[in-house]
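Below are the structure tokens for one structure; questions will follow.
The letters A, B, C and D name the chains in turn, as written, and every chain counts its residues from 1.
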Amino acid sequence: MKKLNIGLIGYGFMGRAHPNAFRKVNQFFDLDYQPVLKAVCARHRQKVEAFAEKWGWEGVETDWRDLVERKDIDAIDIGSPNNTHLDIALAAAAAGKIVLCEKPLARNSAEGEKMTRAVEKAGVANMVWFNYRRVPAIALARKLVEEKRLGKIFHYRAKYLQDWTISPDLPQGGAALWRLDLAVAGSGVTGDLLAHSIDTAIWLNGPIESVSAMTETFIKERKHQITGKKQPVGIDDACAFLARFANGSLATFESTRYARGRKNQNTFEINGEHASIAFDLEDPHRLQYFDHRDDPLSRGWRSIHVTDFEHPYMDHWWVPGTTIGYEHTFINALADFLASLSKKQRFRPDFRDALETQYVCDAVLKSAAKGKWEKVSQPK
Amino acid sequence: MKKLNIGLIGYGFMGRAHPNAFRKVNQFFDLDYQPVLKAVCARHRQKVEAFAEKWGWEGVETDWRDLVERKDIDAIDIGSPNNTHLDIALAAAAAGKIVLCEKPLARNSAEGEKMTRAVEKAGVANMVWFNYRRVPAIALARKLVEEKRLGKIFHYRAKYLQDWTISPDLPQGGAALWRLDLAVAGSGVTGDLLAHSIDTAIWLNGPIESVSAMTETFIKERKHQITGKKQPVGIDDACAFLARFANGSLATFESTRYARGRKNQNTFEINGEHASIAFDLEDPHRLQYFDHRDDPLSRGWRSIHVTDFEHPYMDHWWVPGTTIGYEHTFINALADFLASLSKKQRFRPDFRDALETQYVCDAVLKSAAKGKWEKVSQPK
Amino acid sequence: MKKLNIGLIGYGFMGRAHPNAFRKVNQFFDLDYQPVLKAVCARHRQKVEAFAEKWGWEGVETDWRDLVERKDIDAIDIGSPNNTHLDIALAAAAAGKIVLCEKPLARNSAEGEKMTRAVEKAGVANMVWFNYRRVPAIALARKLVEEKRLGKIFHYRAKYLQDWTISPDLPQGGAALWRLDLAVAGSGVTGDLLAHSIDTAIWLNGPIESVSAMTETFIKERKHQITGKKQPVGIDDACAFLARFANGSLATFESTRYARGRKNQNTFEINGEHASIAFDLEDPHRLQYFDHRDDPLSRGWRSIHVTDFEHPYMDHWWVPGTTIGYEHTFINALADFLASLSKKQRFRPDFRDALETQYVCDAVLKSAAKGKWEKVSQPK
Amino acid sequence: MKKLNIGLIGYGFMGRAHPNAFRKVNQFFDLDYQPVLKAVCARHRQKVEAFAEKWGWEGVETDWRDLVERKDIDAIDIGSPNNTHLDIALAAAAAGKIVLCEKPLARNSAEGEKMTRAVEKAGVANMVWFNYRRVPAIALARKLVEEKRLGKIFHYRAKYLQDWTISPDLPQGGAALWRLDLAVAGSGVTGDLLAHSIDTAIWLNGPIESVSAMTETFIKERKHQITGKKQPVGIDDACAFLARFANGSLATFESTRYARGRKNQNTFEINGEHASIAFDLEDPHRLQYFDHRDDPLSRGWRSIHVTDFEHPYMDHWWVPGTTIGYEHTFINALADFLASLSKKQRFRPDFRDALETQYVCDAVLKSAAKGKWEKVSQPK
């Protein structure tokens, strides 16, 4: 078993999801590589040391540049806010490190292009944690699409709804709430949530060609968490867009953090000539499937309990009928990434894939700002 | 078109469901017979006249014996409380009338046997309004069973849950609440609700051989609606039983009027070697179907929206995707009954079928009283 | 009881839904008016006579102008294809008749304006059969909105999905398929399905101010049913649009007849500050409701079984737990209309309301054609 | 942090669920104790060494008696088949070890009584892995019951349905299929599945007083996995029973491995005077709750997405809207057990609780064998 020494930057929400994957992957997947929790980096020494002890990291750093320079680190995992991705990725690539990056790749495609160029020029393996591709039900959707069960695709529709920012008393910025701070996050729901929806959509249905979008910021001012001052809110609270895919299908996408009662409702539906597929992340172990070729008497939407050994990833976990949770999508992704290292194959989604999503996000925001349809740039 | 002159007894809840069927059946089904609302009978002249006018009955009677004697009546429809079924049915049969009887057939199988003998001796067409057989989804279940899609049957489970008698302030007896009065109703949930479940079960899964039951009366005393006096409650508020079918399958049945939140939840599930079926009357337009022979990747419970033209009865109604309601089960049943008159075929369920259900009810109540397993009598 | 003599034009699908309502309304609602099936009109005498006999119409006409001229007709019910609405409505209004019109009001707002002006100038009562307002669950949604349970509204999203035109072998035009013929229908899914969604949306959430739409015609040529010739398809097979409401909320609307597995899936969801509502016409007896003010432990989406006596219209029908069907939405609408006649109140939706929906449809089609945002005209 | 040295016996299915909990608990819960994977024991040295390496066990044993004797072991975790529980538990208790035991406690209550006496006499902390008590939704159900939200309880109904033994070609016995071997398992679905249902039921609704049961063995003979010989099947393939609880409520329980389409459907429903609760393990992150005290207009079954920070255990995991999986129930249980060690409190369920469940199982099997109602013994 080859050791893969990991250096993680950031210990927020993703700072738990990633090391949990590093610690568990080898008990559930047979792999050539074993991730080693070499060092974790954050600015506050005391806090990062406590974190390191809890999770079993061998050491800590307080400056990410020191981490990137370390010879005993094979891979840099970027789990810090969006505004740090560019510099870290460039430095890590330059240092010849494998780079794992939390999504979205960057605040915009200008940053994303630099990052993609950097890892490709350096020839280092790279991946972006669009973890939902590894929800077994979504992987199953991909499999059904690949098997051409749906026939010609007419429609794609996606939503990503949450409700946690409705209160005007919620501040913006700071460690916990940087997602509300435009300078740090780059955008609101578009980069945070729609990026997921778009990554899944492209994976399942191919390139998006053009979009017409609208955005809204419902709460115009919020107190800043750190400064305590009321400041204008720069992010998009909500975003919806129409789209046309290269394959001729029509799409609607929508995301908001103002949909009361929707906690993390990431949904999509695909309608094809012969069959349709629907998914809802609030019931992540189920995939809905309708096949018009079933006999007319008993035809109906099938609620597939995606927990059988035949289903993607599920032979690695428990027994049919028992579910896995949110964290397993990171473990499944990591297992695939480690396997791709062994096979020296391109892992998907990598920086290039994430850049494609970034181009869509940029076109969406531009369309919303200008009030007109926009063409989507495609990675060269 | 042959006229079929109807004389209805009773104008309560079923006094609306039946004439609604008589009035509508010919617009939606092509039949040789046209029911004519000849006369309706109830004791209170003023009320029955108002009712007759509203519904378009040609005349009224206040004594059912007079109605039964009328030469211009072809069919007697018994919509009055259970304790009246026996006498009316016997008289109607003796008068050579077709007899339609609301379920349950009678208060007990002793009465039911007399009634069955009477109509069979008289050779008159007869039917019992176990209307749920004509819910399209239940008729579809029957079709799937007949096509032997399920293979050997292992399990049958049925529930019929309501919650309308939980309040101890609800009185018993009188016009509206005779279902709580043992002398009138014959039993509680067993005759009122389980009779439905049993009729459906026998239709779908064949004869029941033995049962072990328990019953309970949660509210021991209630004021009588008419006398105003507190009286012991004689009916079973709840009843559950284990059963073995002749085909070797095991069953559980349960009914209550104390299941908070369940308004009219009549459910069943059948598990066979190859496939399973599940139904819930609170979503009457859907049938759940699981077929293990579907390919392993996309296998799942199918939610069949039973509204396609291919589905039972649905070519008579609207368009795919649009539902019919509770009242249509009576119209579908009536259409089948009228067609059976033309073809001179036995209509199912008739008195003999309902008697079979009555035998199960009797065995259930006896088992509960004695605390032991009971064999079920079978109609000879 | 006052008689209201009805003259119906057309006997297709709606030619059954309307007279069914006329025949049933008085048994289930206490009203001053009783509709009388005076005459039905269609061009083919033999067919219309057979239809009249089946449904109990007293007479027939073969030219709608003759029907409109008859002195013994109080109300003209327009159930014929969209391209006939204008002329009939104008003539009926001129003749002083009450006018009931199947939706959409017209092929476009130019026609709709003339119709609205005509009935208003004539001062005749008028209504449009946007029957879904009278689905009890939708009426309940309106009630919850009126009670201001939702707080400030952030989002509205609606879909109307069907799948019956996917086959390229389906012809266009003729009696059964005029909905696919642009000249007759005026548009495709926009007028046929989105008109329903828009009417409901305006009723629940107020005026729509601007839209950005896209449409698609997936099958470019179809054989004409009557001529047998291949002709270009002029209608929109699918249409999706973004919208902004006057109340500041954002919306997405989508409709198609190419959503495999969706038979008649008319859905909407409203997200407010405190509560959200969701509906799906494929389960028409349920309304989903989430109230954030419920205690945090037990808060969840409530699936309201809209069959209690407290729920809109349900005290007129059966008992709690039992459902009504598609046809009842017409009966409920008719009952309200007849009651409005007695009270001499404006019935909603009338021509003016339907014109407002027509303006949105026109803006949607214009936006799709031009590829840019359009303002919606508002009725003066 | 105190180390708690674990010695595990068995490495089958539970041999993965338990150590996964030992390895993860401290990253997600703040505890005084840290489990240490000291040694794992199984008969086949090579296999157990491979297992130990994969999971990070410090050492191995091949005779459980050696493990129990080791001074460096604090707690013995029994993950081996049911027929080994008695001897190991007795030896472990005698050696003064903490004892963790996979469910069911034993093959029958005679064994269970000895085990309970042993741990109580030795005064060692003990627990049984009835992990489903720690499904957050079930823990929430318990909380709602404790808060007396339901009022007087009328009904309890539970099912535990699987479908993995329908094929007659499935052998019995051996490492993987000992659950089908009567001598090893003690019983079929009763001990394996109903034990779960009963443990949950007693926890939520108190003691069970009497039962009437039936069992069935559908496949009468199966090849033995090891010997290759056809042998009679001794276990119950299916079991259903009626029950009466001490609190006066009525219950039905049912379990089978012959319910096609049900993978691991462990359900229960409780109906109380004011409110009802329903749960289905196939959607483990949801709890259904109906409260009759909600306002009549908007009252409905609430689908609680049990992922908010307020919900049991969920503040230890991810963010609202994200689910946890099957394995987390073991981690939650372990966390509670370790906390109980610190507080020197009785952990529930311990051996005594599991013995109470065992008494019910014994009464059920006896009732089925004799065909009559049986009283349930209660732990003294």
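Here are a few things to note about the model shown:
One rule holds in what follows: a residue touches a chain if its C-beta (ideal position, glycine included) is under 8 Å from a C-beta of that chain, and two chains touch if they have at least 3 such contacts.
Note that the structure is a prediction, hence the values are computed from the model and not measured.
Chain centres here are means of the Cα atoms, and by that rule the chain farthest away from chain B is A. Interface comparison, A-D against C-D: more C-beta pairs in contact at A-D.
Computed from the mean C-alpha positions, the centre of chain B lies at a distance of 42 Å from the centre of chain D.
The geometric centre of chain A is 36 Å away from that of chain D, both derived from CA atoms.
With centres taken as mean Cα positions, chain D sits 55 Å from chain C. Chain contacts: chain B has residues 262, 301, 305, 308 touching two or more partner chains. On chain B, the positions that touch chain D within their shared complex are 154-155, 157, 159, 161, 163, 166, 212-214, 216, 218, 238, 240-242, 244, 250, 252, 254, 256, 258-262, 269, 271-276, 290, 292, 301, 371-373. Touching chain D in their complex are the following residues of chain C: 140, 143-144, 149, 286-287, 289, 291, 294, 296-305, 308, 310-311. Remark: chain A residues 13, 16-17, 20, 23-24, 26-27, 54-55, 162, 164, 262-265, 281-285, 305, 307-308, 317-328 touch chain D in the complex.
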